[in-house]
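One structure is given here, and the rest of the page talks about it.
So that you can tell them apart, the chains are marked A, B, C, D and E in the order they are listed, and the count of residues begins at 1 in each.
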Amino acid sequence: MARIKQRAIELLSDGTVMRVIGWEKGEGNCDWSPALFENAAEMENFVYGDYAGANLSKYCLKFNRQEGKTLVVLKPCDTLSFRQLLHEHRIDREKFYVIGAGCKGMKDEKGGLLKCSACKGKEFEVYDEIIDDEEAQKTTALMDRMAGVIELEKMTAQERFDFWRGELSRCIRCNACRNVCPACSCIKCVFDNPASGVQSKAPVTDFEENMFHIIRAYHVAGRCTDCGECSRVCPQNIPLHLLNRKFIKDMNELYGDYQAGVGENERTPLTSYTKEDAEPGIVYERGNA
Amino acid sequence: MMRQFPANQVKKIIESIPCAVYAPVEDGAMVVFERYQDGMELRLDKICTDKTPKDILFPQWENLMHFRVEGKTIELSEQQRCEEDYVLFGVRACDIQAFKVLDRVFLSDPVDTYYAARREHGTIVALACGDPKETCFCKNFGVDPAQPDADVVLWLAGDDYYCEAYTDKGRALMSTWETRDAEEGVVEWVKGEIAKKYDALPFAKLNLKGFDGDHLMEKFNSPKWKKLSMACLGCGSCTFACPTCQCYDIRDYDTGNGIQRYRCWDSCMYSDFTLMAHGTNRPTQVERYRQRFMHKLVYFPSRNEGMYSCVGCGRCIEKCPMNLNIVKVIKALGEGENND
Amino acid sequence: MTKETLVPVLGIVTDVRVDTPDVKTFRVNAPEGGKCFEHMPGQCAMLSIPGVGEAMFSITSSPTNKEFMEFSIKKCGCLTEWLHQMDAGQMITVRGPYGNAFPVEGDLKGQDLLFIAGGIGLAPLRSVINYVRANRENYGKVRIVYGSRSKNDLVDYPEIVNEWCQEAGIEVFLTIDQPQEGWDGHVGFVPNYVTELGFDPQGRVLVCGPPIMIKFTTQALMNMGFEKTQIYTTMELRMKCGVGKCGRCNIGDQYVCKDGPVFRFDELGELPAEY
Amino acid sequence: MSVSNPNWKPKIVAFCCNWCSYAGADLAGSGRMAYPADVKIIRVPCSCRVNPLFILRAFERGADGVIMCGCHPGDCHYTSGNYFARRRMTMLFSMLDYLGIERGRTRVEWVSAAEGAKFSKTMNEFVKTIYDLGENRKLGDLRCKK
Amino acid sequence: MQKIGVFVCWCGSNIAGTVDVEAVSEAMKSVPGVVYSANYQYMCSAAGQKLIADAIHEHHLDGIVVASCSPRMHENTFRKTAEAAGLNPYMVEIANIREQCSWIHKDKEEGTAKAIVLARTAVAKLLHNKPLQAGTSAVTKRALVIGGGIAGIQTALDVADAGYEVDIVEQRPTIGGRMAQLDKTFPTLDCSACILTPKMVEASQNEKINIISYAKVEKVDGFVGNFKATIRKKARFVDETKCTGCSLCMSKCPSKKGKDEFNMEMNNRPAIYIPFAQAIPNVAVIDPEQCLKLKTGKCGLCEKVCTAGAINYKQQDELIEREYGAIVVATGFKPIDPSPLNEYGYADNADVITSLELERLMNAAGPTKGTLLRPSDLQHPHEIVFIQCVGSRCDENTKRGKPYCSKICCMYTAKHAMLIRDKYPDTKVHVFYIDVRTPGKNFDEFYRRAVEQYGVDYIKGMVGKVAKEGDKLMVRGSDLINNQQVEIAADLVVLATAIEPDPTARSIGTMLTASMDTNDFFTEAHAKLRPVESPTAGIFLSGVAQGPKDVPETVAQASAAAAKVIGLLAKDHLVTNPCVAYSNELLCNGCSQCEKVCPYGAITYIEKEVRGPGVREVRRIAQVNPAVCQGCGACTVTCPSGAMDLKGFANKQIMAEVDAICL
């Protein structure tokens, strides 16, 4: 969208921002990469459009302590991650100039992104200005966000076990899911820390694969905005979002509807409670065995 | 001696091989090299398997040895090296070139005996790339997709596989196959077709001028690394997908009954790769990103008579979540017409 | 014989000597007695306690010592802390020797030698010094400048005072960073002391110590007219395999564990500054 | 599920909060209220100290069952610890169930310092459940068992 | 590796009976880290402790494991032993092989095997222990007593006697509490006011005691030894320093519609009033809801008649901030409102009253000046029915009352019955009861006197219905002993209503982070061994706030609480529990998750330059105040990066235990 580019150049030129995080084209048509632009001339390569799938909010961590403001282009769902990072005091609002960019669903070389098929909406949670287009407002989610989870819940335990073994056994522990995740923003991950006692670098056993992904999902539970990047980036095509969505679904059902990265409340379902909460045994009481 | 057999017989031929056969098969939504078993979906058509066959020679993790510690004493028992013959079936030219890169590392003095044993026990049946894909750029690194360098090479032409053995191992293996004399000229024609197809690919000819030891400092000090690496997440997808990346880590695992010392893949892209008690010499992703590509394009050839440790398979182009890849680096840092 | 790359041999710690508050020297023998393997001065070995870790240490003893190997180790991490808690009789695993050595039978032969060490940096040089002492006739003048934070932090102080200082043809210059009671020697940082002493720019210089000390000492030497080709040092980086394969210590086209750790200063200049 | 190894004894880890459940376990002891020796107790200050990681770790290391006991909701020595623990464990159990791991290998029970009998009864029940489920194969650490 | 010694206790035959202690100590010798292992009959004995101390010296032990009884029993003993022998007391771990092993298992082989695992687990944990140093914090030598009833007064007097300053914060305009409303006290039948008021005077005259009446505690920060309370002293509209308590204003006040709280609202009082004659402070207070001047600006009569010039209509609430070392909760009780229990007809019939209302009716200073007259027509009642356990001992599931026994009702009903029969022998008195509970000194004698000497008619059974018929109240109930239904036409029905904690208790509990049970009674740190302390350090419990009590018990507990307060205030410094959370600044993300689960507000965030391997930058990081942290560990689990850990129960320690058990 030329308007975003033009506006970013204006803001760079008048000194409002010192740099822009956006996208640039790759070698082909679909291989756009997140990129840094530091002056108007570099902005020549700036693009925004169908292949701007990546969530740029995590890059904000890199620039939070740098001099001056950084302009960041965020799609509606990306702004949730941005808000969540604000909640967690990981970034300062005044260090960023957020352009909310309208989105009508992103693509890659294979077609529409999986994460966009369960689009959470067109609202911007955080922005300094919105540059939207009418087309974007018209598009809607193609599927129920929880459909995949529900399908799994309907299976028998053995079927679920086989499903996850099949999926997780492909994991090569490249950490792409972790490193792309705006909620997995630990300065040092427990799985990288020799002092944590659980450091592991390779999925050396079936169990460690499970453990890594359960703990990862658990650590982001209540903080995960369901941006879907984990599944998008997995080189082994593991549907990791189904783990996160399970937690989201459970929390919604047991503790009331909650969307991470929305509103002013910094408490997540796991940092709050009510006295009447369900007992853990409820897990065994519902659904089939 | 070139032979041929009907393509629909390939399963039968694989099943007839008395030892373990690793071949590209379908696993979920992916194609990977796995020990072939009856009922598996053979996917010889897949140009670049999603996972490289390097983990047959250099597994993602392997036990090296075992210690028993009692009081002040230590008992050590070594892990057995590979002792069984196996066949690696349907490997492409680029991946075979990658084995040679790995050989340079693991078989140079002192030899890595774990790797060496596996290498020795394997017979490699290669398959020429009849239909190279858009992300292929192997010829830039001296790889001929039409003529892999293996014990046995297969070419698919029409409904038949043409095959020729180039080593004793290969000849021994092929002698057990049911084949007939090959029709002459077919393979030459196939090779020609492959060359034509390859030449039409977008990255067919990259300019690698300047990627050598003589320009080491110049490339190292290029200001372009900062922007090139900006989007890098520091994950290991490229290194794990890469057929030549061989950085590893050695770790101890307390099983409760002793200590298992194992080796696992590591990645120079990881922030803790070079971290030690008083810091790291590659503190940001810029340095780590630079290290990976400098190693492939400059350091390795400088040590190995110009042999690049990139084989142009294109997996990193497919796998990088942020669409960063070595072609972009070559184009950005290279000289001449690339440098547009 | 194909040398095993990663499988260690067992060693027994036969003596533990407390050198300084944070440095201990461990004497290591093969379980059946004697040395685990032979080495040349400057080479290293990987020591490990299974379950705790494995790390590279320079071999402090001279190859001329036929009975045992010694390692002077400073407490600075998980493994070293563990090592410091060991008593004699503890088994450890050892593999090596790794890396190159100082060219004691090459470039250094027949030369006047100037050793400059700071703190634990004496460890790799001690091996060379004792090698030179054992083959005294092959080398010219030997001068040693050694400094530490305090008198208590001088590694191998008894050996320095009782043996090195007593030997003809060896000059020893000691210094500590801060004045201290009971110390009537020189006080000041090593690079300054080197400048003060002033050396003829001839022979070969072996420098080892903290990076900052190496940096200023080489500057001082160059100011005196030494050439980069006359100066040797050793490097320390994260290492895992010790055989130039795991990729960690790769700088430019060199692997510190295999091609190093000893580098001549002009060689270092050709490497990217990533150390 | 049948038990293949007749000599198999389950390994059961019980996390007990210091103030209620550990005291309850002590009370069960003083009252000589037996429960199987397969249960081994780890004392933690509060149920909110129990990290899901510990539970997974136990399974990784070959535990057949893990039970967490804390003060009754509302009685937490630290006011709110068990409320947080309750949510955490609910989420963890749900995830384990989602991954197809047998129900019943994990359990939470609130046991006060006064409930020695309940502690004993709970442990007896839990151990029986684990015996019925048999050896924990789905969660075993392959390398450990080798 | 650390050098660890293991000491296996036989506990006579308590352990040795089912555990082969010899085998356990032998097995421990091959556990990594263990350099010494021994067993002995009684490790906790002087000889046993000497054995430990000697071994520590001889084998240069870095830590010890004692396999013995529960750590709740002797952990401290062995920590002291270790400390005396020069070892850090936190380098001691206990393997509980008695309560959790020998006592519950009969099979010796099984018991021994488990004891070995437990000891091995303790060793595994100990290998990760770090010496811990207890910190210290200063103690503010002043106590705050919340509630000025007999409990609060007694505690304050005792603490003041020991020479410490005490502030009593009372929500009503006067201290005295419930006891001031009582007419006589059982079992001695002495006049309540006669024994209470001297205490009230004593409190007001004690220069160490500062009574802050008509006030409430609004906020409490801090921790044991260092609390900081904000107290709101409500505007009385009367200058306390000037008012002489002459009560002239009361008689002149034209607004007389205020309900007299002191008399259970059975009569009216003026808008300006002194609750009762012996009130302390004896100072009037204006009820702003009733005062014409405050409501309409027209009146000002009291100001005109006050010769002392004490009236000040512009007076504002005053906020007092003070620091305290200890806080005593003496918030007392109130009777429940029996209206919802509609079978008793309390809401509909004026002549169905509660016992406390009866107490006022019989009191000389009460609404009837001490003559027993029934409220509806002020006639003398001739037939009185007492109903026991109204709202007490109820089935929890019905939610109609309290599950507990209110404890005092049996005795005060006997008292009431006896007093009525004594003063009005023409009056018949019936008591419906479930049980009569009289466990107390001279209590049963007292009850028997009521039955035997005063002819009170005790009927064992429940009342099903109280209904008005004409000017009578028909009480229908069952007589379980004679197994028949009874119906009594009563003139007055008195309900022995349950008592419940004062409604302010819950908010005070939350403010103090003091734990409470489901009935809002404060929980004691230990039901038997620490009955007057809250689990929250520095908070003490006095009187009914902790559970139903009669006067002598309340006073006894009040003095006990005072003794605990004095014990605390006598210290210049407190040794803090070193098993607290701490954050590793190199790992901390500063994400504020931990703060949200900390029940004590012990975590704050600062911007700080952190330095570590290859790190030197300013980050937002969490900091734990070790004096505030109680060591629950909630934060440690919330922290995704593992930056937050708990000393003494560190992640690595617990995981080592898990590993050792699963070995």
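Here, a contact is a pair of C-beta atoms (placed from the backbone, for glycine too) under 8 Å apart; a residue touches a chain by one contact, two chains touch by 3 or more.
Bear in mind the structure is a predicted one, so any value in this text is a computation, not a measurement.
Undergrad: By label order, what chains touch chain B and chain D together?
TA: The shared contacts of chain B and chain D, listed by label, come to A, E.
Undergrad: Based on the averaged CA atom positions, which chain is farthest from chain E?
TA: B
Undergrad: Just curious, how far off is chain D from chain A if you go by their C-alpha centres, in Å?
TA: Between these chains, centre-to-centre, one finds 34 Å.
Undergrad: Counting in whole Å, what is the centre-to-centre distance of chain A and chain B, each centre being its mean C-alpha position?
TA: 32
Undergrad: What whole-Å value do you get for the distance between chain A and chain E if each is reduced to the mean of its CA atoms?
TA: 48
Undergrad: State, to the nearest whole Å, the distance from the C-alpha centre of chain B to the C-alpha centre of chain C.
TA: Result: the chain centres lie 39 Å from each other.
Undergrad: Considering chain C alone, which of its residues make contact with at least two other chains?
TA: none
Undergrad: Two or more other chains touching the same residue: where does that happen in chain B?
TA: Only 69, 249, 253-254, 256-257, 266, 275-278, 280 qualify.
Undergrad: Which residue numbers or ranges of chain A touch two or more of the other chains?
TA: 190, 198, 204, 270-271
Undergrad: Provide the residue numbers of chain E that touch chain B in the complex, in ascending order.
TA: The touching residues are 30, 32, 613-615, 659, 662-663.
Undergrad: Could you pull out which chain B residues touch chain E in their complex?
TA: The touching residues are 69-71, 254, 256-257, 275-280, 283.
Undergrad: List the residues on chain D that touch chain A in their complex, please.
TA: 52-53, 56-57, 59-60, 73-74, 80, 83-84, 86-104, 106-108, 138-144
Undergrad: Note which residues of chain A are touching chain E in the complex, please.
TA: Touching chain E: residues 65, 87-90, 184-190, 193, 195-198, 219-220, 266-268, 270-272 of chain A.
Undergrad: Could you please specify the touching residues of chain E with respect to chain D in the complex?
TA: Result: residues 70-72, 96, 98-101, 103-107, 110-111, 113-114, 117-118, 121, 513, 515, 517-518, 523, 527, 535, 579, 597, 599, 630-634, 636-638, 646, 649, 651, 654-655, 657-659, 661-663 of chain E touch chain D.
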